[in-house]
Amino acid sequence: MNLDWSLLAPEYVLAGWAAMLVSVDLFWGRLRKDWLGYLAAAGALASTLTSLIWLNDDTNFANLIEVNNYTTFFRVFFGLIGVFACVASARFVKDRLLHPGEYYALILLTVIGGSYMAAARELLTAYISLELLSFSLYVLTSYAKFDLRSNEGGLKYMLLGAFSSAIFLFGMSLIYGVTRTTQFEGIHEVLTGDTSGFELTLFLGLVLIIAGLGFKVAAVPFHMWTPDAYEGAPLPVTALISAISKAGGFALFLKLFAMAFLPLVDDWRLFLAGLSAATMLLGNLVAIQQHNIKRLLAYSSIGQVGYLLMGIAALSADNADAASALVLHLAGYVISNLAAFVCAIIYFNWTEKDEIADYDGLAERAPFLALALSISLFSLAGMPLFAGFVTKFILFQAAVEEDLLWLASIAVFTSFVSLYYYLVVVKHMYLGEPEEPTRFPTPWVEYAALAVLLIGVFLVGLGPQPLFNAVQDSTAFIFTGAEAAATVGAGP
Amino acid sequence: MGMDDAWLLPAVPAAAFAALLLFGKYLPRKGDWLAIGAIAASFALFIPVLADLLDEVGREGFAGVVSGTDWVEFDTFNLRLGFMVDQLAIVMLAVVTFVSTLIEIYSVGYMKGDPRYGWFFTAMTLFVTAMITLVLADNLLLLYVAWEGVGFCSYLLIGFWHERRSAAEAAKKAFITTRIGDVGLLIGIILLWREAGTFSIREIIEFAQDGGYSAEYLTTAVLFVFAGAVGKSAQFPLHVWLPDAMEGPTPVSALIHAATMVVAGVYLVARMMPLFVVADPVALDVVTAIGLTTVMLSATMAIVATDIKRVVAYSTMNSLGLMMVALGAHSVTAALFYLFVHGFFKALLFMGAGSVIHGTERQEVWELGGLARKMPLTALAFAVGTLAMIGIFPFSGFWAKDEIVNVAADELAWIVVAFLVFSIFLTAVYMTRLYLLVFTGRPRDDHAHEHAHEAPPVMSLPVLVLAALAVIAGFWAFDQVGRALGFPGGIGEFVFLDEAQEFAFPVVAAISSSLAAVGGMAFAYALWFGEAEQARQLGERFRPLYKLWKNRYYFDDAYQWAINNLVLVGGNVIAWFDRNVVNDTGVDGSAGLAVFSGFQMKFSQTGRLPNYALAIVMGVIILAIVFLAVRV
Amino acid sequence: MDWAVFATIAVPAGTAGLLMAIPSRHRDVVRYVALMSGSSLFILSLIIFGKYQFDDGGYAFELQLDWLGNVAFLGEKGITYHLAVDGIAAPLVLLTGIVIFAGVFMSWNIEYRNKDFFILLFLMVGGVYGVFESVDLFFLFFFYELAVLPMYLLIAVWGSSTDFGTFVRTKEYGAMKLVLYLVAGSVLIFIAIFATFVEAGQGSFDLPVLGSVTYGENFQKTFFPFFMLGFGVLAGLWPFHTWSPDGHVAAPTAVSMLHAGVLMKLGAFGILRVGMSLFPEGAAFWAPVLMTLGVTGALYGAISAMAQRDLKYMVGYSSVSHMGYVLMGLATMNEIGINGAVLQMFAHGVMTALMFAMVGAIYDQAHARDMTIFGGLSRNMPRHASYWAVAGLSSLGLPGLAGFVAEFHIFVGTFQADYIWAGALGILAAAITATYILRMLAFAFFGPFNERWASLKEMRIGEQFGGAVLIFFIAFMGMWPMPFVDRIAATVSRLPGIT
Amino acid sequence: MIPIQHFLVLSSILFSLGIYGVLARRSAVLILMSVELMLQAVSINFIAFAVYLAPEEFTGLIFAIFVITVAAAEVGLALAIVLRIYRNKATANVDEVDIMKW
């Protein structure tokens, strides 16, 4: 058993940094006002950089936590999400929230939770990381403590989260009962053998696990918390939930199903495909009816979950294509979505408004912001030049490779539907009459962060090869045994 | 310079057209000299071509000379800019180049002072280009191109004074009506191509004569082709545009709507005659029937028409119908002969009418009268034209009309001949009436009469030239005359496609038609000379007939009704259907369905936590049930 | 000259970038930059058209850059930035160059945020070039969507609404419908592309690679309709055409020109380049349906146009009608017909661009488009009237102008393919075209002068010039179609399944 | 020795009771307690499996301990949020907490 504690260094950095932030908040009042957010961002960045040490490594800590490219990819990914979340929060928190130290500390903790969800190689670790992520988010969601919406969102998120994690746990316990192990690889080994004796338990467990993870990633019908939590949470937290909770959920979802449950793929494929179809249909159709930008993005993200679930439904024992496609789209989606949220945050900072109708005439008052929001929304809709087009294309193609043409068809259709409600936002920004014609003051830091995200959107959209290579290198590790060998250097 | 260079004939006016279009504005006198020069040059070029042809024509198996170049070609598909000179083309060319030269000269006087003087000549030049191309085309495609081209020029020139609503409407009507015929023509052309694989007229004819087409197929095809001729030559039932086309300037009417363009239909049928011969006889019967109908319609309508140009226009329809009847009797010679002389005397009539209009600025016959004294030259010329049209010995019309009656008697049923003779009577009636009303009697509008003046020399000279030709052109019927001119013989000897036709002069036919003509003149004289009181009484007595004729058999009304109540309403129905059914229901409806389903679904989000939990539980249960049902 | 094709995409993209850098208050600078770019695109397009060697009809100006490969299901040449021009694309590239060149002149007067306008316009143009020049299915589709996307803002911001009292169509509606409709069409294309890629199993989206595979007959029959309908939507395939009149009417002049003139061709081009090239048997199976829909569109569009009062609606429906001819030509599945279809794409593109330009020219001054309230306008605007006439006459198939050459080929092809009824109806539709064109001319330009419009003046010189360029090409192709036919025929004869 | 099924039945009953509680109760606190019930069912499961099926390993037991710990934290967290709601709205009835819907 490898007990090399240094493997956990990035998380040490984060945890330490979180502690430091709390203390700074306590003792150094002046700094906390203006610089705390950026300090937190620096912490996330530091952890990101630290995690690069194990690039192309393949080892694990005590058979609990893997450190390989899959972990590294997600460490970097979540670390960057943390950076942007902190930067985007800076002004918002300063103006509107109490206790910034704890706020940023919690953000850093979500990064730890997310990273370990990707890194876990057994059920307990996975569960603990998931709860770490969730708990932090529960708190953050209800962070605006005098705001009823925030309270309500937090309550719903929290109670349903607890409920669903109980379901998830029950599922895990059943799986444990069947396989007598919590190690993903062990489960895989058992499931590869004859499972005829305990199918009932096994599938019940599987259903419960799907439900639990489905809740985490907001798959229909486990999605109900999403719109309310999104709307209730302070805007930067919404951004964080939409990015890290979903990405973490999928990191675990993917790993669990690729690493542990892959032998049963023929059994669960259609169920996930069904979930996926329901999710994208409901998410995108209901999004049409939304008037609040946060709720709109919530439903749109539900739609995106539908697409991502296709990636899991399309997992195959032969190759890692679907997994790579899923992670690729995950990256594309998160970048675009973060950009959209950063825009919403900037606008909220100016006006304290988040209804779509409030965006009237934004193009007059802040052309760059309007452009940036349009780009991110178009990217979410899967329009060319932007990340969404390529990543969706690859993802859908991956599904079709596994004979899921019908599912891909629904996906293409719903992503067409999604264009409508994104266009409605664009319409308000470019066609509406602004309340007053004055320009908004330019928030340079936020704009810089936005610009970086937009560059990301374009980079992925116009030159996805590097990202795709990185993704492929990382997903190669989540397939155990024989499949792993087959996946390296896969391709026709 | 010979037949191989025939392409120069259209090319010269084409170049002039391009120059006029681009720079006409900047040329002195707006370039009328260039237009006239180019057309005169065409005529000049025509003469060596004719001479060359006359050299060749006696040779064994001579069937015209083809020249030209490919326009579009790939694989086996080939569209040519090809020209063919043969006797048929030469006769037509003579009319086209010569008459148009004269009319262009005439126009200098007639159009003087018009704000779009230059444009008139530009368009006329284009017309001549297209018309010559039409005549010379060796393939159906080029023929169609030129066919549309002349139609377009006709549109431009009828609508020359387009500020007048009536002119704009007439132009539109002319174009669309002929276009309906052209639909048939194009279908016919492509049908012919489809089996033969070529557009070349000669090859198609050979293909047909070798039995390449089945009889029904060929009949269908030629009837479609004939539809084009019906439209262009203003035959029943597409004749309605021609009277309205008189909205154009008179030189236009003279050239396009009398001498050249309208006879293109006749020319087309003459060109395709070998096909009609091979095809089922029904095809020629249709030609005869339509020609005869047109003759009778136009002759009767002319009797009650009061616009000087419209009367002449009806007479044109009358003549065109006669030519069609001749073709129906498959006598190309008779048709072509009539076409040839008709070009002169009809242009003459129009130019005479034009002089009257120019001199008096009136065209209602009831506002004219007694002009013979004021405009003696015009009156003389008009008289010649009238006599030629009526067919009085020895004017040119006499010979030509006789020939038609003659072949009809040979080939067609007696009833047709009877109708023809009756139509000659009617022709005499309305032509005499027209002359009497315009040039004799008491001036009905003193103001117009006082101001009436003889046309300037630039106008009257061409008129006189034509008058002379209208008298003598008919003598070409005689072999002796033809030989004296250097032809192999008379026109019947010259124009042959199947075999040479002797010019026959059966006395019975000549006498009967002359009797009819003279009788008609006498009848008209009795009715309309002086105050025309008898005519009015006759009109009162036969009021229904009078109204029927006056209203042009209600064709225009019927068409207008059909356009208003069928076409436009149909258009509105389709447009309504498109907007309300296809778009608002089909398109917006399906979009609305998505929106509506979103609206319904959003209420599943009740905002209440237990419901959310229930959804999760239900999800689990459903998944579990399905899972187990499928799997266990 | 291999860079020329690349440049046609790089120039618009660069222009968009350059324009972004110009402060928006320098409206004239923006205009001149747009003009420069438009002219260079025009010249580039001429070069590409002129230099295309049509001996064997293959690809020329080929450029292939690796873009995404060796990942997941993608092979070595998975997705390549593969540009090339063949004899079908060459005229369409030229068409794009002509229309954008003229379009810049027609947009000269835009004052409201003209910088943004030109940025979007050039983005769209880049997309259009991309579709014509991409030989990689992924990029073809990439550019296809790219060309559609800027339409929304272009129409919704700079467009105009229609209000006839009883009949109201806002520009937002037109814009939204147009964009959604076209993207809806691309849903089908998307699906078919996925299926094709899997079926081919080559790990590449390159069209020549995909084309080298023989697909099963059932597969072809199943998926050809996806391409046919998907691309057909953009080509105005009846009954999926209603975006076209409403969208074109709402759009600003240059956008209508480009859209009706060029973008609609993308649809037909897509059917040809993707659908028929990959699935010849499927195409043969579905050709009767395509023919029926094409004829229906041709007739139906013409009849609808006859009932319009709004000039722009008339032109919009006429586009539906003329694109019906294009689809008929494609459905013939023989060389003559398909040549005709491509010729018609060019002819209709130039002609309809001219028509929309003329509507725009008059709308700029009169702020009205109802033909029935005008009258005798040719007195004050003789040149404008004559431009209209040329465009109209070309559209009704007058010999000597571009429309005739194209339509004639299509009709001949249709007869050759034994769709005699369809050919006859198509010819009839051309006659109906004459009706509505002449009706419009008679209403608006002829007849007594309506003094209400005494203030109208002749078009601006820029508009005259832009129009003249279009007229030049209408006449050029009408009189000397060989340069076009040579190129098109060389490539069409190489298509699989063509008789 | 008691057969493992008894434990499993017990845990299932507990779990179902928990679910019932979550669905049926309107008080946030009671819902929370029901969730705790479900978590206890999970713990029982884990312990039963660990003892009966993999006696030589401690995984299941450790899992149970963690579940209990997490449950405790969860209660603390949830109660804090419920408290906020109660402060701001003077109710802990989840049916009344529905500003956000649709």
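As written, the chain order gives the labels A, B, C and D, with residue 1 at the start of each chain.
Going forward, a residue touches a chain if its C-beta (ideal position, glycine included) is under 8 Å from a C-beta of that chain, and two chains touch if they have at least 3 such contacts.
All figures in this text were calculated on a predicted structure; none of them were measured in a lab.
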- Give me the chains shared as neighbours by subunit C and subunit D. A, B
- Task: Would you kindly tell me how far, in whole Å, the mean C-alpha position of subunit D lies from that of subunit A?
- Result: 26
- Task: Would you kindly tell me how far, in whole Å, the mean C-alpha position of subunit C lies from that of subunit B?
- Result: 37
- Item | Euclidean distance of C-alpha centroids - subunit B vs subunit D, Å | 96
- Query: In whole angstrom, how far does the Cα centroid of subunit A sit from the Cα centroid of subunit C?
  - Reply: 42
- Residues of subunit A touching 2+ other chains? 155-156, 159, 163, 167, 227-228, 289, 420
- Message: Could you pull out the residues of subunit C that touch at least 2 other chains?
- Response: 180
- Going by the touch rule set out above, which residues of subunit B reach two or more other chains? 591, 602, 605, 607, 609, 613
- Task: Go through the chains and record each pair that touches.
- Result: A-B, A-C, A-D, B-C, B-D
- What part of subunit A is in contact with subunit D in the complex they form? 123-124, 127-128, 131, 135, 138-139, 142, 145-146, 148-149, 151-156, 158-159, 162-163, 166-167, 169-170, 172-174, 176-177, 180-182, 227-228, 231-232, 289
- Query: For the complex, which residues does subunit A have touching subunit B?
  - Reply: 155-156, 159-160, 163-164, 167, 199-200, 203-204, 206-208, 210-211, 214-215, 220-222, 224-225, 227-228, 267, 270-271, 275, 282, 285-290, 417, 420
- Item | Residue numbers on subunit B that touch subunit D, as the complex places them | 602-603, 605-610, 613-614, 617
- In their shared complex, at which residues does subunit D touch subunit B? 19, 22-26, 31, 94-95, 97-102
- Using the touch definition up top, name the residues of subunit C that touch subunit A in the complex. 66-75, 127, 138, 141-143, 145-146, 149, 152-153, 156-157, 172, 176, 179-180, 183-184, 186-187, 190-191, 194-195, 197-198, 201-203
